[in-house]
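Got some structures for you, see below.
Look for chain A in each of the two complexes below; its partner is chain B in the first and chain C in the second.
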Partner chain A sequence: MAEAQAAEVQSVRVDRPAARLSLAYVLSGFLAFGIAAIAGLLQGLDRGGMITLPKWLSYYAVLTTHGVYMGLVFTTFFIIGFFFSGVARTTGGSLPPAARRLGWFGWWMMVVGVIMATIEILAGNASVLYTFYAPMKASPYFYIGTALLVVGSWFGGYGVFSAYRAWKRNHPGKMSPLFTFMAVSTMALWQIATIGVAVEVVLQLIPWSFGWVPTINVLLSRMLLWYFGHPLVYFWLLPAYTMWYVNMPRIIGGKVFSDALARASFILFVLLSTPVGFHHQLLEPGIPPLWKFLHVMLTMMVVVPSLMTAFNMFAVFETAGRAKGATGLFGWFKKLPWNDVRFTAPIMGMIAFIPGGAGGIINAGYQMNEVVHNTIWVTGHFHLTVATTVAMTFFGIAYWLIPHLTGRRLTPAANKVGLAQAVIWATGMLLMSGSMHYMGLLGVPRRTAYTTYMNNPTALSWMPLEGTMALGGVLLFIAAMMMIGMVIYLTWFAPKGFQEYPIGEIGDTAEATPRILERWPVIISLAAVLILVAYAYPVIDTMQNAPPGAPGIKTW
Partner chain B sequence: MHLHRYEKIWLTVGLLTLIVFIIVLGINAFAMGAQPPSDAQVIDPTKVSQTPPFDQPGLKQLGNNNYAADMTAFVFGYAPNRIEIPVRSTVTFNVTSKDVVHGFEIPGTDVNMMIVPGLVNSATHTFTKPGDYLILCNEYCGAGHQLMAAHLVVK
Partner chain C sequence: MAQTSVSKTREHREEHAISLRGTLASVFIMGIFLLLAWLGVFILFLARL
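Our next item is the complex of A and B:
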């Protein structure tokens, strides 16, 4: 009886209109990923001294492309596409027309924004990297393009919210489906986070870059950017957590361990991931140490919901293994479906998050930050977290999401290619991120083209490690192209059929979920209070006691 | 909300570890004075060359084995671009930018700070080993960023 019910639930299909919207986002994301991977390869080879970029192609234009396309375009498009599909899947199979209209409007806006920004980057008018630190001054159209990308993503979020509201209206008094709840909380977090960068771009950068105002308050612009910069990483991470909490249990034949705890961890992220931005500015003048320390303390608290997630995942793995007859302390480990890419790619990412998270604690470790700040250690760190944990989870999702949306199947052969892809990516990352971490401890700077500082012996001694990094980059590039091949295959060429959209059921032992976890006004107000505590005084202080502003210049 | 017993243990241990870590960092910072560079001095970024001490960047002896290095950072270098000090000297680097944001890092030491236009930043270090130290910019600042460096010779 329960089996039959489960089978019926798993056969729910995302309908055509919703699938088309979701697919548009996901495929645009992978297009950006493919382009950015070429840039990544060039960076590795250039830094390693293996190639010299032609005169017309600046290292920093390439790096701006890579950072913007990987960090902002690939992730944002993929995330919104994934959320639309999952919201449709868990609310009956379709999206209300209003949600779809918002979704399409957002998609177009984002596409136009990305095209504008790309033209300016390629024309050499915007080699300011994805953090666009003023007073380096790019073309206003680059800033407008990125603003459109962000505002477009808001409309994607409004689409998710409107589908959620429609479901709530039709199911009065009921708790929303777990996936939908997670999509809503992540997009709420995104709304809160992007206020910072939107204010920076619209009120500071655009007027200044058009020449309407002569100078810019540099420290304020940096505070606004990093108000956004840290929750940005949680915006990348939470969709991966959503997959782990909701989709993974079904893939391994288990159940969601605790609906309540899953929701609680997401609420903690909404509350805690924004008031922490100064951990990116620990070495900056103009911010009093006490405020830096407050942000460090809050940063350490954001570790808690990740610890909750880790526990939940192990609990799911273990109970699923035991249900299949595993015995002993670690017997369950062997019962996991290691030859299923839908499981293996994400689990590799999950494992990478153990050193990745530990590295993050070091970065935010106040004085310890002096050892690693702006060295390539940091780049190694986020290639472990976002480019391994998050990206490999997204790869794992793509293997079932794309065929589900296109009415095709993941074949056993494609599954094998996927497994090889995952292994190559992980190996490449081990080499690249490993040597980045090591070089960072030696003091090798990040965001720096090939250099020996005029044959300085210290800098020369770094070159073999730069070479190892480049080799890792080559492997990563191969894996990236395999991924693009798989996306093309699963979209247009795989055999027609039904690919299940795995959604885990809630375990029998899970407790009822407390109502407070869905009281948005309370949650958002609490988040606002924390943000005011962490930012109100330093921001006002920076505005009132600012030094004379800085005029902009183009230094590239 | 009910927590599984093992989860309670796991979260308690995790939270306690984090709190101990924060306390250690706090003691280090506020009792032992190991604060990250957080200077609050402001300066007009367009008038750095006219503002003392940056109108005459260079090394100034403050006492026995004690120096101040007043330096400017600009695209794509530092002034002065070469400093010599005797071994076991303590140097306080006071640095500001004449244009965009730069970095100031000495590999092999813990000297590492951001140089933001409009503000002065400073860091102090005692050099106990002789050698040729590289000072480099670790914040992207433009086309010649990879060339931006200075030298510190400890004799």
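Our next item is the complex of A and C:
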């Protein structure tokens, strides 16, 4: 009986209209990923001294493309597409028409924004990197394009919210499905976070770039950027966590360990991801040490929900393994489905998150930050977190999500290619990120084209490591192209059939979930209070005692 | 009444039956790794003072 019910739940299929919307987002994301991978390869080879970029192609334009396309475009499109599919899947198989309209409107806006920004980057008018730090000044159309990308993503969020509201209306007094709850919390976090960058772009950068105002308050612009920049990384991470909490248990034949724990960790992220931005500005003059200290303390608190997630995942794996008869302390580890790419790609990402998280804790301490600040250690760090943990989880999702949406199947052969792809990506990243970390500790700067600093002996001694990094980049590029090949295959060529959209059931021993975990007014108010505590005084201070305004400069 | 208490104790025993020893060991190993990594860079910082 329970078995039959479970089978019926797993046979739910996302309907055509919702699938088309989700697919549009996911495929646009992978298109950006493919282009950005070419840029990444060029960067690695250039830094390693293996190629020289032609005169008309600046390293910094390439790096801007890579950062914007990987960090902002690939992630945002993929995430919204994944959420739309999962919300549809867990609320009965379809999206309300209003949600779909909002979704399509947002998609078009994002596409137009990306095209605008791309034209300006390629024309050489916007080599300001993906953080577009003032006083570097890009063409106004680059900023307008970015603004459209962000505002478009809001509509994606509104689409998710409207589907959630519709479900709530039809199920009064019931807890929402876990996946939908996670999509809603992540998009709520995104709404809160993007206020900062929207204010910066619309009120500061665009008027200044058009020349309507002569100078800009650089300190304020950076505060607003990092108000957004840290929750941005949780916006990348939470969809991966959603997959781990909700989809993974089903894939390994286990159960969701605890619905309450999962929701509580997401609420903690909504509360704590924003009031921590100064940990990116520890070496920024103009922010009093006390405020930096407060943000660092809050940063250490946002480690807690990630530790909760790690505990949860170990528990899911161990429980599933023991149910299959595993014995001993670590016997369950071997019972995991290592030859299933839907499992293997994400778990490689999870493993990478252990050194990734360790690096994050190191970055966030004031003294430690002095060791690694602006070195390529930082680049190594986020290639573990976002480019391995998040990206490999997204790869793992794509292997079942795309065929589910296109009415096709992940074949055993495709699964094998996927496993190879995951291994090559992980190996490439071990080499690239490993050498980046090591070089960073030696003091090698990030964001620099090939240079030997006038044959300085110290700088020359770094070159073998730059070479290892480039080799890793080549492997990563190969894996990226395999991924693109798989996306094309699963979208248009794989055999027709039904690919399950795995959704874990809640385990029998899980505690009941407390109601407070879905009281949005309480949660959002608390988040607002924390943000005011962390930011109100420094922001007002920076406006009233503003540093001298800066005219724009073009460094490229 | 008697019946409910019987089923309750049974439930209790079932809860104890799932062992999470491996999970406990794993989170400890992870915690030690985090500490060692942190200490390593902190020592580097001190060495460069």
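The working rule: the second predicted complex is superposed on the first by the 556 of 556 C-alpha atoms of A that agree within 3 Å, B and C clash if a C-alpha of one lies under 4 Å from a C-alpha of the other, contacts with A are read in each partner's own complex, and residues count from 1 in each chain.
The working rule: contacts are C-beta pairs under 8 Å (C-beta built on N, C-alpha and C of every residue); 3 or more make two chains touch, one makes a residue touch a chain.
Remember, it's a predicted structure, so these values are computed and weren't measured experimentally.
Residue by residue along chain A, chain B and chain C are tallied for touches, and B comes out ahead.
Residue contacts after overlaying the shared chain place A:308 against chain B, while chain C stays out of touching range.
By the touch criterion defined above, A:445 reaches chain B but does not reach chain C.
In the superposed pair of complexes, A:474 makes contact with neither chain B nor chain C. Contacts of A:282 after superposition: chain B is touched, whereas chain C is not reached.
Of the two partner chains, chain C is the only one touched by A:354; chain B is not.
Contact with chain B, but none with chain C, is seen for A:514 once the two complexes are overlaid on the shared chain. Legend: residue contacts after superposition of the two complexes on their common chain; A:371 is shown touching both chain B and chain C. Looking at the shared chain after the overlay, A:329 reaches chain C, while chain B stays out of its contact range. By the touch criterion stated above, A:539 is placed in contact with neither chain B nor chain C. On chain A, the surface touched by chain B in one complex and the surface touched by chain C in the other have residues 307, 311, 315, 361, 365, 367, 370-371 in common. Residue ranges on chain B touching chain A, taken from their complex, read 1-4, 6-7, 10-11, 14-15, 18, 21-22, 25-26, 28-30, 34-46, 75, 99-101, 103, 105-108, 110-121, 132, 134, 136-143, 145-147, 149.
Only residues 14-15, 18-23, 25-27, 30, 33-34, 37-38, 41-42, 44-45, 48 of chain C touch chain A when the two sit together in their complex.
Residue ranges of chain A in contact with chain B, taken from their complex: 58-60, 63, 127, 129, 133, 135-136, 218-219, 222, 258, 260-261, 264, 281-289, 292-293, 296-297, 300-301, 303-304, 307-308, 311, 315, 361, 365-367, 369-371, 373-375, 442-451, 453-454, 456-459, 511, 513-514, 545-551, 553, 555-556.
Across the interface of their complex, chain C is touched by residues 307, 310-311, 314-315, 318-319, 321-322, 329-333, 354-355, 357-359, 361-362, 365, 367-368, 370-372, 441, 509 of chain A.
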